[in-house]
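In what follows, chain A forms one complex with chain B and a second complex with chain C.
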Partner chain A sequence: MEAFSDEAAKLTAELAGSTPARIGVGRCGTRPLTRTALQLRMDHAAAVDSVYGVVAPELLKEMGLFTVETLSGSKERYLRRPDLGRRLTDEGAALIREKCIMKPQVQVVVSDGLSAAATCANIRDVYPALLDSLAAYGLQTGTPFFVKNGRVACMDHIGEILQPDVLVMLIGERPGLVTAQSMSAYMGYRPRFGTLESDRNVISNIHARGTQPVEAGAHIGTMLAAMLEQKRSGTSLVL
Partner chain B sequence: MTTAASEEWITSLGIDLGTSTTKLIVSRLQIKRTANAFSMPKAAIAKRTLVYCSGIYTTPLLGDNELDYPAIADILEREYRLAGISFDEVKSGAVIITGETANKRNAAKVLHQLAERAGDFVVATAGADLEGVLAGKGSGAEARSLEIKGTVLSVDIGGGTANAAFFRQGACIATITFRIGGRLIMLDNEGTITAVAGSFLPWLKANGWDLHSGSRLKLEDYREITDRMAESLLSCLAGRGSGESDALLLVGERPAVLPAADELMLSGGVAALTEEAEPTRLEEAARFGDIGPLLAGSVMRAAAAGGFRQVAARQTVRATVIGAGMHSTEIAGATVHIPPGVLPLRNVPVVKAELPPAVMDDEGRLNEAVVQAMASAKALHSAEEQAPFALFLDGPGHCTYAGLQRLADSISRGWSAHFPQQAVAVVVCRTDMAKALGQALQRRVAERVRVVCIDQVGAEHGDYIDLGEPVGGTLVPVVVKTLAFSRPPGG
Partner chain C sequence: MNLKCQVRGRVFQFRDLRELMAKANEVKSGDQLAGIAAEDAAERIAAKMVLSELTLSDIREHPLLPPEQDEISRLIEEGVDEEVYGEIRNWSVAGLREKLLESSCDAAEFSRIGRGLTSEMIAAAAKVMSNLDLIQAGGKAEVITRCNTSIGQRGVLAGRAQPNHPSDDLAGIRASLYEALSYGIGDAVIGINPVIDTADSVKNVLSLTKEVMERWDIPTQNCVLAHITTQIRAIHQGAPADLIFQSLAGTEAGNKAFGIDAALLDEADALARSQKGRTGPNYWYFETGQGSELSSESHYGIDQVTLESRCYGLARRYNPFMVNTVVGFIGPEYLYDSKQVIRAGLEDHFMGKLHGLPMGVDVCYTNHMQADQNDMDNLAVLLAAAGVNFIIGVPMADDCMLNYQSTSYHDIATVRETLGLRPAPEFERWLERMELMQDGKLTKRAGNPALFVY
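Presenting the complex of A and B:
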């Protein structure tokens, strides 16, 4: 590696400290150093694992969530056919009809989405903080459950069936090379088939080194309360 | 992607009651709350604009040891009229009392009266450390240190004190104050001394100058004194050993090690005089009736000789007042827990609990840290009878739900054990967790106590904190300050 001047080394360290991206990592000829290459492969493997991973049944039990599936069937089909991830199976639809409180004020849904690892890493912090926040606002929650292989818009199908006033979906985000454990919370007022993306609100980047999970949980409660009060969501919601 | 932003402008005032001069500025702060479609809302002061500078008044005194409050209140009223603002539109800012003026008999009383009168959320501040920090922000030294990504030494030399602050990449890392100023010796056109500040006599004596009112000195003698003052100041700041007697010039403590500075920025009334030619005759030197013009020349020469790379300040004579008016207020994180009608709270003493991850994960150590903070809070006296103290939580960076519950248990237990009578409980966190923690605490104390919890603010044990009325519902203006008059012992 070329020798850096003190000044350049200082500047590089400062720039590297300002971003989690892989900058200033050096090179050997035209190629990255072995340690950089290994780190990249490791992070990529973690990202792949988080997509193909599963949320342990014990964790779902601990959180008190039963499971329904989407039409995706397998992870491969889930990845190739986003539309299938937006519909529950007939069995799933029947199960929530049977088990859930109908027309709740707030419906909470958890899904693995594109990162089971995100659900595993954050659900213990976000979910109870959200329930506390809803209780602080005096809001009634319905029966929560877990959607395997869910896409965000399966909110609409669930909304059609259960008719909640507001619905929040805690779902694993598409993993990147910086973190594979990032979760999003998508929210909507009366989501139904045909709901526009601009009618949803989202808080993203929820993980230990991003948006703080417990604070996100508390703030989601505030947003849902605002949706109920204003009877709308998405870009027209005033916060 | 759409971005919803709400912004409000508030009027912020600064008043500096200095050793020799008093001045006032009016500024406008733009408080902005940004919530884009993907993330949690953020709050920040987006712009700070200076809209009015008063003239520079001689600080009104009654005799030697008292401030003339009615005359000061008159200045305030006249300047409000000239600036075209009313008392009720001023929503933030600070009055700072500095230098020798802070030692006057009625200083604390005048300071608080003036802050009350000046506006809704104008806070009273004093203390050499804070003065140095505010001057460095007002002069532009703080901003300069970010620009050069290095360390800038800000030295604000006024009538009674020289307040130095080191800024490294935007953060103040050390302060030190000297009893060095332009008005410590007063003289007339003939070179006869009309007054010497009592606090300055020991150093003069130790250096072989036995001066008193009526002593008559030549220009060269005065210059020798100011040269010696300037050398002491700058050699100490450069980290070189200074004479034994120079300890007599220190106000408060000297940090064990001072950082090395890349650049020096001078401000204050004396720095403003450095732009003029050095006086060559006594009448010129004595044109303000003090040694200010001579000291200015001496400081310039000592700075050059000491090898300092000097940069011009954006503001010189008004650096401190601009710092007080424009830079004393910060905004807490956008997600907070505030019951309606509780704020503002003024002058709440801060106790600190350090909560690194290792402490958060250990219930015993967590309890110990919280109980210890509460015990030290008992010795404090708050101006707010309802809110005896503010608990500052330093750490933990990331907090799990389980950790949050342990923390809330520990704090609420401490409150009922140590402060069963409090009506309002204040918690300030460094980590973004105020809404979750506030809700967790409120649930535990139910209706008995109203819990105020804010975050993304830093403070130290022994500081005082003022929390303003929320702007736009959730944006809480905060001033963290050191009050030299009532600083509790130890910590």
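Presenting the complex of A and C:
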């Protein structure tokens, strides 16, 4: 590595402190140093593993969630065909008809989405906080479940079947290198086929270094209560 | 127009030119998602065979999207040099490919032929070319453009410094820019993708980059990649923008989804030309990328290579300073893996250059694609071999604002040294004055961002 003066090193550290960008990293010739290069590869590896990861059955059992699948089948098909992730399989649809309370006030759904790691990292904090918040507002929740390989718009298919007043889907976001564990909560009033994206509300960036999972749980409860009171969601919801 | 062939005892019949063009593409997940891709490998090659025998006039006389229906089709038609077209209209697509690859076809001949072609003809040529064809033919063009400084000379590989910050923090942008400059990156443009799309914020970022350029007398240009209406407002408020940025789509409806049309581009073009203080005559920075029309449901069943080519047909109306195809940003439903991204990058570069455009490529991927940094190393070298005007420089390739990976400041410096390429001439002389480069190589002082602290 090329060596610079102590003063330059101090100034460089200050510059690096002003941004999460990977600067002041030095070089060997024109290439990055080994540790910097491998750190990038490790962060990417974590992001890739979270896309292809699975949520452990034990965790789902602990949370009291049974599992249904979308038409995606495999993770590869899920990535190639967003449309398939928007529909439950016939078996999945039959299972939620059989197991779930119909026409609940609040339906909670959890999905791995693009990051199983996001579900694993946050669900133990978000979900109980959400249930507490719903209880505090006196809202009745239906039977929660887990959707494997879900896309946000599978809310609409679930809405058609169970006819909830409001539905919240806790789903893993596309992983970045800063964190592979970021979750979003998508919410809608009476989601059905044909619901527009602008009819949904979202709280994104839920992870340990973003929106705190416990706070997010409480905030979701507040938004769902507002939707029920105003009988609408999306851009027209007044908060 | 013959749309049928028989190969190895199997008859391949294509319904129309639109279907033929789609099926003649190399495998792309976006064409599969749209339901227009070839059904198997043999059908793909059969489509290429049939397409290769069509004449250029067949393609022109069977518009995929009629000019009466679509503004971009009209602009592409208007952009054809009829004298050149008249000379080559009876060439087959195969003949066009072979002409471009002839040893006697030099830069002047290559660009003259390009002026007589529609975007659909250029896409057709790309479909019957191999990756190495695309590299060799694309490398024939020399498209030099000038705003404050010139880029695009043969033997030059320029870099965009992309010092983004997740909250547009000016100190953070400045720090990342210093890092770029210390590696000799920023000769194409200092361009920031903003988080906050307001005129005030855009003006602040433009003022910051202009201040650094003036403090160190850096021969380059600046840009903030906000929505065009925001940039126009910022410029009216006195923001110092050298280049105006806009993303383009290949259909009128696709551009509508971006909130633009030709009238708005014309308005911004007039504004850019009226601004003082730059040599010109090139003031635009455009971005494109295969798949954007499908994602906004404005594709009309036309394949993503042809639609990408149509973006270039629109771009050439405005004589841009730089055109950047952001090749791997869109995700795996359009380009599934590194093989598809590499192919798309080479296609886009070739098609842009044949349109006479100053093509650069954002060699990039997202974390849910089957690609990694090694694939970007490969594509960067392939494109540099093809004479790409510029690639993108991001600290360690990791864009902490847009959450994707591109090429790094280190990578651009490495590709230059490996292939004997240089920064843009005026910028290289500045690097020499700063004692950061000597004889085309970084000096011991390089890589130290603290040099620029003042």
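Here is the rule we go by: the second predicted complex is superposed on the first by the 223 of 239 C-alpha atoms of A that agree within 3 Å, B and C clash if a C-alpha of one lies under 4 Å from a C-alpha of the other, contacts with A are read in each partner's own complex, and residues count from 1 in each chain.
One rule holds in what follows: contacts are C-beta pairs under 8 Å (C-beta built on N, C-alpha and C of every residue); 3 or more make two chains touch, one makes a residue touch a chain.
Since we're looking at a predicted model, the values are computed, not measured.
After overlaying the two complexes on the shared chain, residue contacts for A:140 are found with neither chain B nor chain C. Between chain B and chain C, C touches the greater number of residues of chain A. Within the superposed three-chain model, A:230 lies out of touch with both chain B and chain C [touch as defined at top]. In the superposed model, A:208 makes contact with chain B only, not with chain C. In the superposition on the C-alpha atoms of chain A, the part of chain A touched by chain B in one complex and by chain C in the other spans residues 11.
Listed in rising order, the residues of chain A touching chain B in the complex are 10-11, 14, 124-126, 128-129, 132-133, 135-136, 201-205, 208-209, 211-219, 222, 235, 238-239. Residue ranges on chain B touching chain A, taken from their complex, read 2, 4, 35, 37-41, 149, 335, 398-402, 404, 431-437, 439-440, 442-443. Per the touch definition, chain A reaches chain C in the complex via residues 2, 4, 7-9, 11-12, 15-16, 18-27, 29-32, 36, 40-41, 43-44, 47-48, 51, 79-83, 114, 174-178, 180. The part of chain C that touches chain A in the complex is made up of residues 29, 32-33, 163-166, 169, 171-176, 178-179, 183, 332-333, 336, 366-368, 372-373, 394-398, 400, 403, 405, 408, 410, 413-414, 416-417, 442, 444, 446-451, 453.
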